[in-house]
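In what comes next, subunit A is part of two complexes: it sits with subunit B in the first one and with subunit C in the second one.
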Partner chain A sequence: MTRHLPLSHLPLALLVVLALLPLGLSDPYLLNALIQTGIFTIGAMSLNLLLGYTGQLSLGHIAFFGIGAYASALTALGFDVELLFGWRVVHEPWPPLAGFVLAVLIAGATGYLVGRLSFRVRGAYFVIVTISFAEVVRLVALNWVELTQGPLALTGIPAMRLGLPGLGEMIFRTKVQNYYLVLAVAALSYLVVARFTRSRFGRAMRGLKENEALALSVGVNATRTLTIAATASAAMAGAAGSLYAHYFRIVDPDVFLFSTTVTMVIMVVSGGKGTLIGPVVGGLIFGLLPVALRPVLAPEAQWIVYGAVLILILFLMPRGIVPKLEALAARRPRAAAAQKPVEAESRP
Partner chain B sequence: MTQALQHLLNTLVLGGTYALLGIGLTLIFGIMNVVNFTHGALYTFGAYAAYLACAALGLDFFLALPVAILAGLALGALIELVLLRPLRGSDMDTTMLVMIGAGIILQSGTLWIFGGVAKAIPTPFPDAPLQIGPVSLSWLRVFVFAAALALIAVTYGLINGTRLGRAMRASFQDADTAALMGVNVGFIYTATFAIGSALAAAAGALLGPVYVVFPQMGDLAAVKAFAIVILGGLGSISGATIGGFILALAEEFGAGYVSSGYRDAMGFLIIIAVLLVKPTGLFARAERIG
Partner chain C sequence: MLEIRDLVCAYGQVAALKGISLQVGAGQLVALVGANGAGKSTTLRAISGLVKPRSGSILFEGRDVTGADPRRMLGLGIAHCPEGRRVFPHMSVAENLAMGAYLRHDAAGVRQDYARVYADFPRLAERRAQAAGTLSGGEQQMLAIGRALMSRPKLVLFDEPSLGLAPNIVEQVLSIIRAIRDGGATVLLVEQNAYAALELCDHAYLLEAGRIVMSGPGAELIADPHVRAAYLGGEVETAHRIRA
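The block that comes next holds the complex of A and B.
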């Protein structure tokens, strides 16, 4: 029992360490890297819901992140656009919290629509349709200048504010404040994914991943299950996008870059797709790797390392770091065979 | 009317290189079942190979194309031997991700070596364009079109008229049976990936002088190749040829009559529309190669 402690308590231990970290850390560069890592780790967790639990490789995931960022920014900044036939839409600025909620809802709704349409195809076709979707969204963000300012970017996005009844208002302006905000949302996302994957839907999702024909034969509605997973995944990515917008206070069409999707895929695959803690482990490694490499290597060379590490991980431990560690931990104590069901839960 | 004619002429010229790009990608998918995410990087590689041949080695402009093709062949064979051969039999997602990793390495490597500043490939063609009635065309584009058509013809001849092509078609239909009949399927896979890569490199070497050469030029080219291949049906060479011209037509007229900002969106919109309406592609048949 005690010998199993390290892995099953990893999430909580990680949370405690991360929560205490700012006490001994004041370097703004490092803090910034940690916040950014946290935001993209939430993105990776949301991607894991789709890639890890349903087995559908979406390479357009950044679209939902970017839609969340733009939705949140535009809600907080307000806009005035003229649509077809001279129909004008004017929106007065709303509080950032409303932006966060709308980001989640709009990204989720987009995820639902994309899921409904694209789950007609599988495999290579699905991958390519998701890439195309993300690129179309990027081109719209670049060209619909009246709404998005195009390449000039949306600037002056207000910091996140949280009104608490009786306690007044919290404004997340400093790095430490944003750090805790991101950490809280990340922890919440972790719990949501955990709850989601242990539900009936979670079992249906894994059933589809293991054997679609068999899952269908026992009454799993494939399109419905996958669409729900895509909706939840997109909504969570939208939340991460909103955090991004209110932390960096600037959003430009580059948030839709394909390389960011690749980064999130690397985080999920290296950590272990289909495990709860995998994307967090992968996210921390690949989020902080640039920090470690920065003094030694030029940015282009860093990407070469990224590509090489991706290939190496796929060759050496195709299932990821966490399943590999679990396998090692399970091998040592033979008496721990009773722990098997727990492991099956996190490693489908 | 003149404007429409000019657009049509541009479509033909652009379509030739697009077809070349698409054929390389569809060949690899059809025979090896690999979604080649290095295709864009190989296109860039071809353009830089041509640039190096002209600018650094001082070779003749017309020698740059064969240099790029040979370099593409070699790099393609290397990628297949080092990365794909050990992964034979693993699932498609794994090979896709490995190809993405390889693409990142190639692109960042190019950026690292050559820097982000765009390079131009000097051409020996006169500045005055070729006038055909009311429409005009630069001599460079005439050459690019002719070279692309010649390469497409060579590829068709290779696949339909040689022993290697027959073995490739056999491996496409049923790799196991082909192996039983004495086809060295491992060699066929290497050859297929090398040929597909060479075609991408050729397209890069041909379009490099038309536009400029820069490390990210392959991103858009890769997407266009995917659009062409999906349009024509994954694995169909004639489909990719027709798809190349259809994409060029959509881009040329979309940019001319709708909005030039969304020119590059045409490829994506085609992908989405085709997959939603007819996922097998417009020209998919039972036997899809040749």
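The block that comes next holds the complex of A and C.
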């Protein structure tokens, strides 16, 4: 395993680099791009949990992100709506942290429901159900004006606040503060996915993807396993949505744009689905590519290059960047230590 | 231990089993032989709950378990070693074994069984961190057997364990299966390699086009002219032999 040193240390190296980055970087535009990239990378990690480890493609993943954003914003702003038969629900503003927790719980609960309803029909049907679900949620956000302000957007969302025992309250107002908040949540998400996929339950998920008949024969309950994976995935997307709401301080129905789901799918697939660090690598590349291209190219040309880079990556590395790097790293030492059987990484 | 009565299974309109009955006694090694498409695998899949029977019944230890799902059958002590893709290729050897113990919650017992499987299959112990897909065919079959044993089964169903393996490996695999029987488990073995299976087993059933056409001790079937002509190529001497 020591011979995989360069690659197995990639997550930690990335974390250190990213943690030091703001020290030498004061350009608010770049910081903003990094924060946004970080938020969507968390979304990509959550999508990877489902797409990469169970093989189920959710093309409505942005719905969970958006639900998290709205849930967090509404919890922090409070609301006063009249439901059917004059039943009024009034909610006083709560601290943003409560919004974050509720965003995770509510997004997770919707993930559970979608999973329960749609995993009887898998594959293409699941894709269609998730797309439809996202569209329905978007229309609700657009039309339930009393709750969501519709296209006028929820504005004035308070910044995230964190009460630290003994240190008083920390308010995440500046870009640097938000940068570290996003980085911390991203690192935590990474650890959660790592822990989750290596557990007994994670083995069941991967087993279903690799060899469903065999997984069933050893006693894996397919529907239940996939539903739990969808719940966890949606909850994590909800966390990303909450960060989005309290960073941009404004949420409108455009958070449900289909193209954002596509961006997350691109991040996962190009980085390497079913690998821990893949979505992070893909997320950084496709999150920051527009930033890198902006000074040199016209907006139309940027998207062409974006597409070309994607095609190039998938053409040269069909399984993604990280699996390709792993394969390269595994090949070299094997030739060196020829006579002894090499203990390869579990993913060749 | 296991009793099947008039079992009928069908895939859509095509009947795969047209009413078969068979019995497997505790501690026995029973072989089910027959040509491709005779219904051998379907029989095993029906027993382990992967296929729902149309009619007939399956009794395990006196209980009617017809149509129970795979988890229930596994819980009762039936492990299925399916044919074809036998392992989870991207999981390590150790993870594959862990999958075999998926429904078990006695951590100490599971650890014991890891040790036992690794003792029985030193090759697997050497390669425990390696991806199962990188093992040779024989090693993958050993892993599949080890995984089946991780559920501490009372009855193990083997589906074509020799398929696609080199002859010397086939011998090894079959002697492991016998060792499993000798260790106290009951075995139901499906094999196309009819001679090897008949020589190994205590009792055998011959399946043709979804029906059982003959049954008896292995030696009896080997001696039968029809079996010799149809399944042993007429020349038993040149057929693959297994050491007694």
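What we mean here is this: the second predicted complex is superposed on the first by the 311 of 348 C-alpha atoms of A that agree within 3 Å, B and C clash if a C-alpha of one lies under 4 Å from a C-alpha of the other, contacts with A are read in each partner's own complex, and residues count from 1 in each chain.
Please note the rule applied: a residue touches a chain if its C-beta (ideal position, glycine included) is under 8 Å from a C-beta of that chain, and two chains touch if they have at least 3 such contacts.
It should be emphasised that the depicted structure is a prediction, and the values quoted were computed from it without experimental measurement.
With both structures placed on the common chain, the touch criterion links A:A215 to subunit C but leaves subunit B unconnected.
More residues of subunit A are in touch with B than with the other of subunit B and subunit C.
In the superposition on chain A, A:R206 contacts subunit C only, with no contact to subunit B. Of the two partner chains placed by superposition, only subunit B is touched by A:V265; subunit C is not.
Within the complex formed with subunit A, the residues of subunit B that make contact are 29, 35, 83, 86-87, 90, 92-94, 96-98, 100-105, 107-109, 111-112, 219, 223, 226-227, 230, 234, 259, 261-262, 264-265, 267-269, 271-272, 275-276, 279.
Those residues of subunit A that touch subunit B in the shared complex are 55, 57, 117-118, 120-121, 123-125, 127-129, 131-133, 135-136, 139, 142-143, 258-259, 262, 265, 269, 298, 300-301, 303-304, 306-308, 310-311, 314-315, 318. Put simply, subunit C touches subunit A in their complex at residues 48, 50, 70-71, 74-75, 80, 82, 85-92, 95, 98-100, 102-103, 126-127, 129-131, 133-134, 147, 151.
Every residue of subunit A that touches subunit C in the complex is listed here, in rising order: 1, 200, 203-204, 206-207, 210-211, 213-221, 274, 341, 343-348.
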